[in-house]
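Each of the two complexes below includes chain A, the first together with chain B, the second together with chain C.
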Partner chain A sequence: MKKEKLQGLAMVFPSFALMVAVVFVPIIEAVVTGFRDESGGFTLQNYRLIFTDPSYYKNIVYSLSVVLPTVGLNMLIAYPLAIYTTYSKSRIARVVDAMYATTLFVPGIVATFALMNVIRDTGSVNRFFMLFGISFDPQLLYTGPGLVFMNLWFNIPFAAMILSSSLAGISTSLLESARDVGANFLEIFFKMIWPLTYKAALLSAVFVFIGCIGAFTVPFLAGANFPRMLGVALYQEFSVFFSQNMASALATVMFLLSAVAGGIYIYLQMKRDVWQNPKRG
Partner chain B sequence: MKQKNRLGALALAIVLCAAPLIGCGAAQSDAAGAASSSGSDKTEENAAAAAEPVRINLWSYGSDNVRIAWEAILEGFHAKNADIEAELQFLPSGTGGQTLPEKFIAAVKSGKENIEFDVIEMSDNDLVQITGEVGYEALRPLSEKDIPAMAAIPEQSQLSQGRATVFRGNTVLLAYNSETVAQPPRTYDELIQWIKDHPGRFAYNDPLTGGAGLAFLITSIYNPLPEEALNSSDEKWKAEWEQGMDLLKEIHPYLYKASGHVQYPAKNQGTLDLLAAGSIDIAPAWADMALDQLARGQLPKNIKIAQITPPLTGGMISLGIPAASDDSKFEAACRLIDYIDSPEGQEILVKSQKIIPIIDSASLSAEANELLNGFKSDTYRVYSIGKLNTELQERWQREIAILN
Partner chain C sequence: MGRLGLKGLYYALGVHRFVEYLFFMVFLLFFYGPLMNLAMLAFTESYEYPAFFPNVISLKWWRFVLAQDNLVASMVTSLAVAILTTAISLCICLPAAYALARFDFPGKRFFQFAYLLSNAFPKIGLYIAIGVIFYRTDLMGTLTGVVLIHIVNTLMFMTWLPANAFENVPRSQEEAARDVGATPLQTFIAVTLPTAAPGILVASIFTFLGSMEEAQGSLLIGFPEIKTIPVVMYSVIFDYPISAGAVFSIILVIPTVVLVLLAGKAFGIRSLSDGFKLR
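Right after this comes the complex of A and B.
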């Protein structure tokens, strides 16, 4: 028994050591650096600035105002998409199923420029309406809603994929029998599909949140000059203003925001459902 | 016994896992050496006639177009100088790690006699950094005696003090749409007036993301100040930034708008894209970028370039020969620089990189002159304001970007 334990530990040791060296140590170092001033002394000034100076806290508010709607809308769109492609047997459903995932294979920067050309005031949307003599300006590029739109483009396929694999685990006969006894779509969704897949839904929501809160390419190229999303603000602090301490403090704040999201997921994951954990006598 | 074997296997596993990590660092530092030896094998065959070619290393850095230009130069050089093997040691930008000046400074500080740096490329900022750390004595004095082509260069960088020679120039200037702008502004004041008269038709890129916008910011801030301020990192000049900042705030509402807000596009390319799309009529741009994209057709033919007075900032790039480079290589290094500064070398650089030549463009071919679009820059408005550069960018973010 003891030998087996040692063997197990030995097998995880290399990956664990690597993780400590390249993940945990840098994080701890960043947290410590965030509490230092330029001469190396302890200070709370960096954090004070982040939460009181409008040029910093507006970035946080702005980032959340882009990311939270992204997460919400993403769920609202990805769920029906996943349900449709998983359960519908029509040919269209199969085509949609094969197509939506292709966006995952487009390099991020290519997609960013393409989307910018779609939504800019002189872009494809505008040109399409011009065919009918209507001058329609989407007014999306360099705005928060524009960033939400682009984030959705990147994240819907990802969320739908996670949901699909979870949905595939529900047997169709179960759903059919529910329908046989007269359950309508909403009842089936809330009483069967949701309880069985909400963990996958939350998992994808958490990943989308973490991915968007630290995003760089999209907000750098298609975001406003102010406020900036946290990823861009962090890059500026570190690579343009060369203020390592401020950058570290900002990174810690971003890490905490992601940790809250991650924490919610872990809590739900640990909390077993009643039916999974029958009371023992 | 079994236990021992297992422990042995475990130790082996750990070593194997760690090996790539350790190997990585060594492999990287060897890469330059490996590259130079494999490259020289090839040219050795060509130069079989010569006894023993002198090998020199040319160090450069930057975007890929810079590397391509150097390779064209070395091809032309080797065709005429079979007795010299010049090897390009190139540090691509944006890959992190030590910069060329940092590498060079470290090599000089190591105190070795024969360092592998025989010719190095330096911007004015690099010159300040290098001479500040290891002094002017780290570079050999250069003169027309060793490099005859220097005689035809009208102006050297003030910062080199005879320890380097310029080989190309670059400057920010105005790129404009000649179909909508019949007569481009000739002075900075005329430009400001033009911006106010044509709301939404001018943009400068976010100065935190590219040098063209930064040059417009610096020019705007330093125009009202005495010229000496442009080459000083003295904190006292910060007090005099107000006038320029106020002007930038004043023109803010007249700049390019997207989705109803004034937007400073990201990167130098951002404003060029707007210009190409016809969304704006005038923008500050790097000369080499604009000329290169004109030649490739990425910018339409109706885009022209012009400089204003006082000019937008720019600078010259120099080449130097380190004092710690081996004496036996000095002559070969001089011949390489002589070739780069000659009309032939300048012609190659104009064609491949659209540099601004440092010699009279009359000595270049008509084809090269056409690529330059009639542009001549005999005076560069060099600036080196050190740490103030960063502080100025920070102020822009806090006071101008926030105006939306």
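Right after this comes the complex of A and C.
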């Protein structure tokens, strides 16, 4: 029906137009502005600086050195957690399931501040050991490993949720029959669970990567002064130095880093109906 | 003594349960220890090193924070921004959600893809890109600018969650209404909307809470003219004693606790957090 088509387009238009105005136009503009010099002419100087000046490229290397271990560790912890909360019938598993999901509601800046007060050198980890007369400095706040630690708090629950909705799609009788014929946990994991859930795992890894590379609050409050995470470097460039051209170029680099991961994400999402939601497919 | 107790526990519970309890302890310490600690700090008057528990407990920092003029102002700002964000998102996203759920039109796949893509950019990079445009259009430091930044975050799930809700309304009920003579609009208001209401409500709650806690975009676009509670909290963390920040944190968490408890009671906590995955 022609009327239905027009009606559908008309109803999608307002939100789509807004999205174009506040997401796609700015991104295209940022890419263009990154090639501009002070007087508005074309230049490659911004990118040359980013990749040759240590004060810039060290930030990129540093960001990756925080984000990649975060993604790896995150998956290593989130997978067992999701398997446990999905398949265990114990009461503790139910409680854990509800409790980690609840952390997603804690405002980011509140959680960041809470974690800072645990790992700072006079924080509760240190004070706890002082109860026993042990002087132990975690030396985590304002360091890369500290950022990884804090990122894990934010991202484990998130990845575990995506994983567990995928895990829940595997029929337990399938797993039980494998158990019955004598498969151990590792065999079941690599032969059944992994092949059926690796897409969800990849998807959550991509989400975690993009989330951490584009993070601001955690590195701004709990990161070192140099090298900086990309998010903080961007903020400095934009809000402190007021250098819009340089900020745009840096933002473009951040987009490019995510583009690799984002490509996988989009590809999987387009197929989502088929593999994650079989009843609709 | 401690080791003996642990050993006793180990034999009493068996390996499996023992490991499970141990894991549960680590889980609680990691995820909830920091939050409990923060709650404790909010009621701490004196916290001398190296004491683990506060030396003096009081409401001193509550009085201090509540006496600040900019706190009430930032609460009003936060509330105004969150209400505007939710209302505007609802107005523009609900029609799109309905169309995506019910109509077949050219480029439907493309639109769904666009919503996804808009959510796939690293947040701070996107905000900077928007900021560059906002400088040119004089939207920096304005309420409009901050609300727009918040809407960027909500577009996708404000479309997807309600679309899902609309999809799940049984067509037979709508057809029945049409059969007894209701107009399409009457059917929508009397049948479709009430049935899809829980999904729409959950999406609205996300939008509202997401807006209340949004910190970085508001700092970047709104500061120093528009100061929401999270934006004020950045400077509280840098400039004030830890306990003041802890009090601020609790104030910031209150709307979340109230709304999540209410909505969790009505729809179940899992359906709420399921939606959060989309963010």
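The definition used in the following text is that the second predicted complex is superposed on the first by the 248 of 281 C-alpha atoms of A that agree within 3 Å, B and C clash if a C-alpha of one lies under 4 Å from a C-alpha of the other, contacts with A are read in each partner's own complex, and residues count from 1 in each chain.
Methods note: a contact is a pair of C-beta atoms (placed from the backbone, for glycine too) under 8 Å apart; a residue touches a chain by one contact, two chains touch by 3 or more.
Values in this document were obtained by computation on a predicted structure and should not be read as measured data.
In the superposed pair of complexes, A:Gln139 makes contact with chain B only, with no contact to chain C. After overlaying the two complexes on the shared chain, residue contacts for A:Gln7 are found with chain B and with chain C alike. Once the two structures are overlaid, the count of chain A residues touched is higher for C than for its counterpart among chain B and chain C. By the touch criterion defined above, A:Met99 reaches chain C but does not reach chain B. In the overlay built on the shared chain, the residue A:Thr122 is in contact with chain B and with chain C. Of the two partner chains placed around the shared chain by superposition, chain B is the only one that A:Phe241 touches, whereas chain C remains out of contact. Of the two partner chains placed by superposition, A:Leu147 touches none, neither chain B nor chain C. In the superposed model, A:Val66 makes contact with neither chain B nor chain C. By the document's definition of touching, of the two partners only chain B reaches A:Asn225; chain C does not. Once the two complexes are overlaid on chain A, the chain A residues touched by chain B in the first and by chain C in the second are 7, 14, 18, 122, 220-221. The touching residues of chain B, when paired with chain A in their complex, are 3, 6, 10, 13-14, 17-18, 206, 208-209, 258-261, 263-264, 266-267, 277, 279, 390, 393-394, 397-398, 401-402, 404. Those residues of chain A that touch chain B in the complex are listed here as 3, 7, 10, 13-14, 18, 54-55, 120-122, 137-143, 146, 220-221, 224-226, 236, 240-242. Taken together, the chain C residues at the contact with chain A in this complex read 20-21, 23-24, 27-28, 30-35, 37-38, 41, 49-52, 91-93, 95-96, 98-100, 103-108, 111, 113-118, 120-126, 128-133, 135, 148-149, 151-152, 155, 159, 209, 212-213, 215-216, 220, 223, 230, 233-234, 237, 242, 245-246, 249, 252-253, 256, 260, 269-270, 272-274, 276-277.
By the touch criterion stated above, chain A contacts chain C in their complex at residues 4-9, 11-12, 14-16, 18-19, 22-27, 29-30, 33, 84, 90, 92, 95-96, 98-111, 113-118, 122, 124, 126-128, 130-131, 153, 157-158, 161-162, 165, 210-211, 213-217, 220-221, 230-231, 234-235, 238-239, 244, 247-248, 250-251, 254-255, 257-258, 262, 265-266, 269-270.
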